[in-house]
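Both of the next two complexes hold chain A, though its partner changes from chain B to chain C.
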Partner chain A sequence: MSGPLARRWRLARVLLSVTLAAFIEYRAEVLIWMIAGTLPLIMMFIWMGLAANGPVGGYAAADFAAYFLLVFILRQFTVCWVVQPLSREIRLGEMSARLMRPLDPYWTFVADHMVALVMRLPIVPPVVLLGLLLTGAFAKLSLAALPLFLVAIVGAWLIRFNMHYSLGLVAFWTDQATSFEGLLFTIYMVFGGALFPISLLPPTAQEIIALTPFSYMIGFPVDIMLGKLSTAEMLRGFGMQAVWTLAFIGLRHLTWRQGLKRYSAVGA
Partner chain B sequence: MRRYLTLLRIFVANSLQLELEYRANLLIDFVSSLLGFASGLVVIYAMFSNARAIGGWSLPEAIALFGVFMIFEAFIEVFLYPNLGKLPDYVRTGNMDFMLLKPLSSQFLVSFRYFNVWRAPDAIVGSALLGYGMLQTGGLAPVSIGLAAIMLLAGAVTTYAIWCMLTTTAFWWVRVSNVMELFNAFFVAGRFPVTAFPTWVRVILTFIVPIAFITTVPASAAVGRLDWPMALGSLAIAAGFLLLSHLFWRRAVASYTSASS
Partner chain C sequence: MISVRHLTKHYEVHEKQAGFLGSLRALFHREYKAVKAVADVSFEIGPGEIVGFLGPNGAGKTTTLKMLSGLLHPTAGEVSVAGFTPKRRQREFLTTITLVMGQKQQLIWDLPAADSFLVNQAIYDIPDEVYRERVGELTEMLGLGGLLNKQVRKLSLGERMKCELAAALLHGPKVLFLDEPTIGLDVNMQQAVRDFVAGYNERHGATVLLTSHYMADVTALCRRVMVIDSGALIFDGDLSSLIERTAPQKLLKLEFRVPQSEAALRAYGELRECSELRAELRVARDRVTETAARLLADLPIVDIGIEEVPIEEIIGQVFRGRQAERAEAAK
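Showing the complex of A and B:
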């Protein structure tokens, strides 16, 4: 391996092993966050109950089961809490220590989140599989779409993480970054389709929501796995995912550079 | 008792003073309340545009229930997060020492020191929804208002007691700064009537984590659906959980060894 590549590989390994050690220390907290994400399952029970006497808006009970179990996967594997630690470190000046390291702090936070995903791997898929079998919803999945579903999850993660990272960086200007996170979360849950499938809304509302980044963070990947999308719709969806990913990566770079100028001006 | 009431007044005034330093919060919290309210109504709209009832509850009844849910969300944000939410950190850092040194009930001090007043508007919006639901069903009879108020109070006591017991576990487990989120895992079910869930979930929400008594019962009282076993059960659970939380607290404090080496 050549020099820079070997260095990068070594960095990634060190970073991941350090964060893994930290996570094992806090494993109870990680487990609690995992359990606390029950909302999609609650919504699943409610919608299944509503569809017990016949389909609701084209969804039978098993369709709702499949839909919300997939939403659960999306919520668990795009989990993102970067706003809190990032804005706190900027506010309290702890960012200075990180800036001394020969690595963009971005990657430390990415490593944190990657480890959280790895720790969910042995738990979430078996739970979802069990749920699919118990509700008889397994047949509703389009298994051939699995590779595309995984790609769409990566896209969803990239949009979500870069969006939240940019929001956390707002702490360079104001100490309200964390309050905005609550607002963003409410919109994300509704527009993303975590509370009900967006296809239950009037067509105009659906079209407007399809322009926002939120539907590509939950609803779009879920619809792929349910086999609801035509090739054209899928291409358009992946295109939108790419556009929003690039937009938020760009925003992140911009806020980071402008923020750092400010940070050095203020001094820590 | 008089002393505790006086202290409570001072704590509220002091929290207000503290919060007034962060006035920008007011606007964001207001928009936040509005959005939470809107998203709740959108969900109810999506459901009732496709069905006539949820678990046997009509549209105005479901709106009243969502109002109760918002009132409890406000209760949690105003009272529980700013106080009990900090307990795991007090234990981890050893700041718990200062709580124990004061000539007061330590449970009182840890539970009622700070108030996040900006989240109180949620309770007003919630009450308005509850009132609307009542107007559309049985009307605003003094009896239903009184009953609903008593059931809300019982629900608040139960919620407090569960939070208190959850956060008290920090005395033994230390690294559980987010343990109260376990309550949320069940509480999110409280925006829907407990009858809308499959039987096994209903059993959990009634007898194991009594969310049914926290939101469904007060809303039932408001819209005239309350039956006596549930009403009495709610009072019994509130009293029982409160006592349990106090006993649990005393055991925990007795085993506290501070954080210094």
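Showing the complex of A and C:
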């Protein structure tokens, strides 16, 4: 009757609809998270102010507006809070209930995050569109690049989620997984380009940052949408996204398998 | 169905002295101590058996259950459950067993239990007809009528526990590991859960291994018990022989209207505890009724209760007996 594909499809549908139902219980909270995520918009106003009397490093005020509004999109649609619940469940033994079911807990956390994205859909794009129109930055976008921009967002999400998931799994070894998260976040915000465009930095710094996963989580997709990248640069960027995605998925699998051997399932 | 050979589990526990100085010391130098939670345990359980797993807190019951269900990797020894090696956690294995842990929840807190059931249906890939049939059966056996569409957080502890049980059994497991399934429940609810486990075992021929602090759970359900203490299996056999051998007495709890002297009470049985208005007497099993009647006639009694000797004490006696045997053997 049902092949493995049909089964997975049904599982995804049920998991997402039930998770959505649970999220709706917290709709006010989702709104608060989004307001808490407006740092890129604050950065936008700061840099627009600095560029009021002439371009900074080739960015005019409208360029900064376009850049940070796109950063806002990236921040909102790659939102990831998996470290906290994952490490808590491991530390307190709450993971046991999930482990008893024949489904990698990874997928229930994925469902949580997917639902969070769905709930942002009716809000984030209109806000960004309004911002683009008000600041006159709409003309700075390369609309033809929209499909590639969306693909790059998926890549950014995969890198970020798998990176954080691997970090959360560190809780199998130490209780301190969440304190690493703060450090990681700072590096991500700076290297990713959430505070200033990386292209404002000296070329050597740019080259080094281009080797890390961080610029593919924010800066790279944003630059696609701004039409700043040549075909060669784009290919290289997508290549790097693929490499980092695979690397973190591999790391996640490795930490998961090793971690389970150490799991102590504390508590009743 | 379940075969365990020389099962052993050691934990590494990091020890820290209490207080700020202790924390400071632990920052630079951590002391680890290996704790032997389970040591060289072997047993076999046949299909359809209900076995009670007894022992004081920290004896290794739960650790053993967790190894049997694949949550923990054993340090040494072999485990086979329904032909699978639990720690591999294959899909077929996980759909064959279930683990119910007292307060641990798999139900989604903010939604009705029915939603969690749907998730489990999808995860375990249960066909619609089978799903409807099982939900119907579980609703009837556990008395879930009307509960499934209420938000889980609005349910009482007992109601939630029944829903948890149902969720854990939706996939029709053949092996049930129940860790304190009645903890925190009132007497009626304990009885309901007990009846359900017995009924499920009967209908589906499922194998059940359960731990409990409540003597009544064990006496109602299990013919065979295993007693574990300090990680070692110290008794494996008939429940009735364990009770008669180790607890040939029952407990009489008395409350008086006016204070009684200890000397007066000693005449009725072995005096265990005595404050002015209360006393606990131990009386041989076959003389309990007669003694109680005499007490009621002779003394100004307000309240009287007849109880089994607590299970912890029985285990303690088994354990002490074994130590004595060992000492004997050493001579």
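The definition used in the following text is that the second predicted complex is superposed on the first by the 261 of 268 C-alpha atoms of A that agree within 3 Å, B and C clash if a C-alpha of one lies under 4 Å from a C-alpha of the other, contacts with A are read in each partner's own complex, and residues count from 1 in each chain.
One rule holds in what follows: a residue touches a chain if its C-beta (ideal position, glycine included) is under 8 Å from a C-beta of that chain, and two chains touch if they have at least 3 such contacts.
Quick caveat: nothing in here was measured; it's all calculated off a predicted structure.
Visitor: Report for A:187: first if it touches chain B alone, second if chain C alone, otherwise both or neither.
Guide: After superposition on chain A, A:187 lies in contact with chain B alone.
Visitor: Can A:15 be said to touch chain B (first), chain C (second), both, or neither?
Guide: Once the two structures are laid over each other on A, A:15 reaches chain C alone.
Visitor: Let me test your reading of the model: by the given contact rule, A:99 touches which partner, first (chain B), second (chain C), both or neither?
Guide: In the superposition, A:99 touches chain C alone.
Visitor: Does chain B (first) or chain C (second) touch A:25, or do both, or does neither?
Guide: Both chain B and chain C are touched by A:25.
Visitor: Quick check on the superposed pair: does A:261 touch chain B, chain C, both, or neither? Answer first, second, both or neither.
Guide: Touch status of A:261: second partner only.
Visitor: Please indicate which partner A:33 is in contact with in the superposed arrangement: first for chain B, second for chain C, both, or neither.
Guide: first
Visitor: Of all the chain A residues, which ones make contact with chain B and with chain C?
Guide: The answer is residues 25-26 of chain A.
Visitor: Write out the stretch or stretches of chain C touching chain A in their complex.
Guide: For this pair, the touching residues of chain C are 11, 62, 66, 69-73, 89, 91, 94-95, 97-99, 101-106, 108, 110-111, 115-116, 118-125, 127, 168, 179-180, 183.
Visitor: Please name which positions on chain B make contact with chain A in the complex.
Guide: Residues 24-25, 28-29, 31-32, 35-36, 39, 42-43, 46-47, 49-51, 54-55, 173, 175-179, 181-182, 184-186, 188-189, 192, 196-198, 201 of chain B touch chain A in their complex.
Visitor: Where on chain A is chain B touching in the complex?
Guide: Residues 25-26, 28-29, 32-33, 35-39, 42, 45-50, 56-57, 174, 176, 179-180, 182-183, 186-187, 189-190, 195-196, 200-201.
Visitor: Of all residues in chain A, which touch chain C in the complex?
Guide: Going through chain A, the ones touching chain C are 1-2, 7, 10-11, 13-15, 18, 21-22, 25-26, 94, 96-103, 260-261, 263-265, 267-268.
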